[in-house]
Amino acid sequence: MRLNEMTWPEVGTYAGKTVAVLPLAAIEQHGPHLAVSTDASIVDALARRAETSLPNEIVLCPPMPFGSSHHHLAFPGTMSLSAELFTRVVVELVQSLIKGGFHRIVLLNGHGGNITPIKQALAILSHQFDASIPANIVLVTYWELAGKVFAGAPPMESPALSHACEYETSLMLHLYPEMVHREQVQRAQSPASNGYIPWEEDEPYRGVALFKKTQFISSNGSSGEPQKGTAEKGKILFDQAVASLCQFLSEFKKWPMLEDLRNQSI
Amino acid sequence: MRLNEMTWPEVGTYAGKTVAVLPLAAIEQHGPHLAVSTDASIVDALARRAETSLPNEIVLCPPMPFGSSHHHLAFPGTMSLSAELFTRVVVELVQSLIKGGFHRIVLLNGHGGNITPIKQALAILSHQFDASIPANIVLVTYWELAGKVFAGAPPMESPALSHACEYETSLMLHLYPEMVHREQVQRAQSPASNGYIPWEEDEPYRGVALFKKTQFISSNGSSGEPQKGTAEKGKILFDQAVASLCQFLSEFKKWPMLEDLRNQSI
Amino acid sequence: MRLNEMTWPEVGTYAGKTVAVLPLAAIEQHGPHLAVSTDASIVDALARRAETSLPNEIVLCPPMPFGSSHHHLAFPGTMSLSAELFTRVVVELVQSLIKGGFHRIVLLNGHGGNITPIKQALAILSHQFDASIPANIVLVTYWELAGKVFAGAPPMESPALSHACEYETSLMLHLYPEMVHREQVQRAQSPASNGYIPWEEDEPYRGVALFKKTQFISSNGSSGEPQKGTAEKGKILFDQAVASLCQFLSEFKKWPMLEDLRNQSI
Amino acid sequence: MRLNEMTWPEVGTYAGKTVAVLPLAAIEQHGPHLAVSTDASIVDALARRAETSLPNEIVLCPPMPFGSSHHHLAFPGTMSLSAELFTRVVVELVQSLIKGGFHRIVLLNGHGGNITPIKQALAILSHQFDASIPANIVLVTYWELAGKVFAGAPPMESPALSHACEYETSLMLHLYPEMVHREQVQRAQSPASNGYIPWEEDEPYRGVALFKKTQFISSNGSSGEPQKGTAEKGKILFDQAVASLCQFLSEFKKWPMLEDLRNQSI
Amino acid sequence: MRLNEMTWPEVGTYAGKTVAVLPLAAIEQHGPHLAVSTDASIVDALARRAETSLPNEIVLCPPMPFGSSHHHLAFPGTMSLSAELFTRVVVELVQSLIKGGFHRIVLLNGHGGNITPIKQALAILSHQFDASIPANIVLVTYWELAGKVFAGAPPMESPALSHACEYETSLMLHLYPEMVHREQVQRAQSPASNGYIPWEEDEPYRGVALFKKTQFISSNGSSGEPQKGTAEKGKILFDQAVASLCQFLSEFKKWPMLEDLRNQSI
Amino acid sequence: MRLNEMTWPEVGTYAGKTVAVLPLAAIEQHGPHLAVSTDASIVDALARRAETSLPNEIVLCPPMPFGSSHHHLAFPGTMSLSAELFTRVVVELVQSLIKGGFHRIVLLNGHGGNITPIKQALAILSHQFDASIPANIVLVTYWELAGKVFAGAPPMESPALSHACEYETSLMLHLYPEMVHREQVQRAQSPASNGYIPWEEDEPYRGVALFKKTQFISSNGSSGEPQKGTAEKGKILFDQAVASLCQFLSEFKKWPMLEDLRNQSI
């Protein structure tokens, strides 16, 4: 079901029995070759497909199109909420869903820059609700859920999803080819490797995090190897993302609510 | 043009020459007969039509689906940001557009509860930018712009647009009939008139404002006379809304930037 | 009664039986000819007169002299709280009154720039109190309450109250002539009309709101036609403002508390 | 001069040459015998007298009637801003004065509960302005400025000013006897001494601060020995307060702006 | 006991029976001759000594090393939280202690700049807890508690403790001589006296507070007469500080919880 | 060098030439067998060892003992700042260091709950400084930096570091055996696996994050297999943590500042 199309009595009827899925996207520059809606378009397509597959299990909320993308603001077309503000937006949208009767909520994320502010929101929500309202609220970032094919398994050639890269370019070629300017695809210049920070996707996380505005790590706003993107790869990626998401949602719906374990031991 | 479909270099090329239009909507209960996306659906349709009419004049941003609807939270399906938070969201989205090069920005509003927080945002933005960046940033609420037909002129029978009323029901019957449950249309109970507060639409504003959660002024979440809505009325309303918006946008694009007038007098 | 002159046991005795009236004013430039206390002086005179007429019905709180006037800060003598801060001040003052036992509260406003932040405060207070404490809290802006004479009815010559205009000049000539520098009265330069924005008072609201600092819309800080102000007009305006306010207060005192209507229908 | 009565060009002319005096008061319970405006009434009388004495030296701003009195909220008639909010209000009012051209600003305080939030504001303002705008901004609490007569010197009998005490009762009997209910004067019950905390005025500060809501330290809202108040004592107190304030203001007007001393040494 | 060394069941066992002592320090410049940890080092030594003397009475929390020192930020090595942020930190640390079962909490302060923000925190905590949780939460600034020897009594030569002065230099020479660069001791230049503001320690508080960044009142970051510091003086100061603190803690542990006194009178 | 022991001129001399290392810890329950200072004690030992190894390369700041541990607040002894507040604390401490002249800053983290709020802080700092001040500011979480031995490589038996687990117990047995109550070591009860969420350490991250207060996922506050901890394992872990940190710091000191790459391409 799509929340958008339901009346309030309908939502009231189904809230307690279904999983609310709230897509969290971003409108931000994606290099010279991809539309600024890339993150929003992909996560929207993914969420709609999942809803089609599990129409009675989930209530699909309208996507939040704007995410936390302040690091891209030097590039036009980026519409961003600061990290702290985005955290608060997520908190209040989840509060609304809980107030409306949902106890199982999936924040379906399609933008790397959203991960930290959403986790910050989960900490706030946990402190607010755990002691009083049983609820399972999870953050799911689609490419992390989908597994190895988003981390360099064939047919992918570059080692991991980054930004406006082989992965996202492939997904857009598969889903919305009209939003890809293939002639503009260009591998960006990026800083020399220091062995710790994965400016692009070719170095693993080694326990060191550095946060820099995009113009300091990419000459054109893209990362990775967008020139290797193809629609065929995109189909494989998307199908796997859909399958892993549907699999997760089916299981998540059955997760029990957690109990206070202190009574059982001390 | 639609910002969603543009790359960042394209946005950079057009930002200074066009009007950015940012639709501000709401996801909230609309009585037992209308979908919770009513406000979002209407303003989205309106914005898309305007963009089709003036493709080279405006850059249509993705709509912000969630608005300030805390007064409706007692009804499921409402997804709301508090007034103060929504104000901050509007401020940061406009900051993003200005950072991206836009100097003419229209906040196209489709929800009454958004008006105050958006005006609060305009005051903040004025204080922040007026002294340094010339920009024309306006709030346009579509039914206020469209004039008499939204205020009781025939064929409309009730005196003014309120909420889930004759007007909105008509618009939805015209635009998205599948989202209207005609069999559920029911005039709500509301408080007795006190001569000052327009609980519904049948009393004019008399200089007194009172703010109450919806459950205190409507028994089912709707206001006005939804039973009088028809698709024919909806077409008239929508066409007039489109026409007045397009007229405004064409003129707004030509408004000059204002100058500090103190130099001219004292 | 005046709260200022009461002891706490006296306030405790009367709070539940009376209407608290809290005047909200502003200290801000009013052109070259009016004192910066114009808004505060007028609303104070009005509130005192109402208290004299209805001594047993209302408890008059001390006026909050400072309002939200950041748009006037380029002119000396303006003492302003930002819109967001003024909202919070209104929220806490109303919280104090409710804590003290008042259930009927009138925010008597005398400054246009306060309207939006007060409405923002009402939304916050509604969310905070509606579900638990029955209370009627209203915003009354005196010139909107007083009706046609404040909107161009004879003897007034200009179509509406704006700022340091025919209306306010007349009121000050009637109430505090020593605070009017008649020799300094001068119609300001303002931007050319664009048909939508009422830079002064001579164009009606057409659904478009734009917020600019005063120096961009007035060369000397005044608006409208202050040169047309007279003490005689001021008396007519003030008497009507008093009458309409007293009429309202008498009725407001009898308004019932609203009830949750959901029980009655679904 | 009184800012209230000046036009903006007048303020502009005098701001740089005068001292702005902003009285900061409180509306809060003052026991069963004093009006809730006690703090506001006293500081207002004091400020007006100083302005009368030094008409060309100071610009007297309208008093901020509401202070930080949350500890008194259990007693009706208290209208309070929380400490953090009051701090922000002071910050923005001072910002307004600086923006208007004042460089010498006196925050004339009449309420003990305001001292901490005003000092917090001074720290914020120092961080904001010191490096860029030369200004002398001071907090003056009138009874601390006035010296020994406010600390137990004859004719006063109790050792120090506290709240609704011998001192404030005396001042009110002198200035506004109609606001004193002599028949209600009653020494309150208070906690037993622990040797460190001056519940009332009879123990000196010993380096330990504890903050409790008034109802835990006074049975009727007053402190000290209000029954010892007389109008004669009030006159002595008030005259000394006026004299010390005028003396200070005359000197303060001549204080030089401070300079960065680092250049002179290292 | 030291909280640092306890397990959570141990803290749970002792929280209700002991006094929690939380040292609040600062890391900030202390002139050319003292280490930036001076405030932290002194208060840490003091707290440890008290814990050694009263091992079963108190639970010593780890010191908060960073305080509110924005006025010193022009000097390297200062690590500061703004006044408003430090207030919030104190609030949440006390909330944690109360949540953990402590009802007697001493905020042992070692930095003058912390006093105002801590008092601001106490006001917030009082408003939050007084009505529901009985607790005694006090601010103790060690040199104010210790009495005359910190205010000019022999052997001290300068009249009061200020900053990086005779007193702090003496304490450091006694406690951590290796952190004193005796050859760098130099009396700073400071502004000329105006008779009201104690730039250093040689003028008493006269009811006027002014807050300026350190570089405007000291040429090298120190105040007072550090050249008069000796280890012998330091021993006397420290011993007295320890004695007065232990005396206070022993008594504080026995203070009863306060009761609402309104029931007893009106 | 240790900042604590330096004077401000010394810090000024070395800030631009060295790496500032700021340890970020936590005071929170660590099961029935470990002291609440476990995270603080470990990261402090690590930082001191690194400073001893690289005395001329780094300036070691005093550790911030308190972290973001609200999820542990149901267990006494936890002293926590909320996630949003801890973010702000990190922001201001880094601002202080930058103001003091440091351009290379390492946030050395020893608590899992700090990771999200520190990343949130990095995003804020990037937005604030990137365009104006070249600086490299990194988050280093010691066990993520140290590599495989902290992820199940022999001699470790459980697959990953969690909380009060084999890893932390081993480190404490090596570093501070007096703070380990071996007789209290007990494997906690935890929820049944759902295949996605690593309640303890025995399931890998699969793209789904859920945040729950500790009492819902552990019956005694510990996680993993603390009973497998030994001092010998602790030595291996600690030595590797020190080695990897020193290696990183040596390289980090040489990292160049990043440049805006846009100039090079478009």
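We just call them A, B, C, D, E and F in the order they show up, numbering each chain from 1.
Basically, contacts are C-beta pairs under 8 Å (C-beta built on N, C-alpha and C of every residue); 3 or more make two chains touch, one makes a residue touch a chain.
Predicted model only: the values in this text are computed from it and were never measured.
Peer 1: Kindly list the shared contact partners of chain A and chain E, in label order.
Peer 2: Of all the chains present, those in contact with both chain A and chain E are F.
Peer 1: Same interface as A-B shows up in which of C-D, D-E or B-C, over half of contact pairs matched?
Peer 2: More than half of its contact pairs match A-B, so it is C-D.
Peer 1: For chain A versus chain C, what separation do you get between their C-alpha means, in angstrom?
Peer 2: One centre to the other, that is 47 Å.
Peer 1: Averaging only over C-alpha atoms, locate the centres of chain A and chain F and give their separation in whole Å.
Peer 2: The computed centroid separation for chain A versus chain F comes out at 26 Å.
Peer 1: So, what's the distance in Å between the C-alpha centres of chain E and chain B?
Peer 2: 55
Peer 1: Which positions in chain B are in touch with at least two other chains?
Peer 2: In chain B, 9, 32, 73, 82, 266 touch at least two other chains.
Peer 1: Taking chains as nodes and touches as edges, what kind of graph is this: line, ring, star, complete or other?
Peer 2: If you draw each chain as a dot and join those that touch, you get a single closed ring.
Peer 1: Using the touch definition up top, name the residues of chain C that touch chain D in the complex.
Peer 2: So the residues of chain C in touch with chain D come to 3-12, 15, 27, 29-37, 40-41, 61-66, 73, 75-82, 85, 88-89, 92-93, 96-97, 99-101, 178-179, 181, 184, 221.
Peer 1: For chain C, which residues are in contact with chain B within the complex?
Peer 2: Residues 32, 68, 70-71, 73-74, 82-84, 87, 113, 116-117, 119-120, 122-127, 130-131, 136-147, 188-191, 194-197, 205-213, 215-220, 244, 248, 251-252, 255, 258-262, 264-266.
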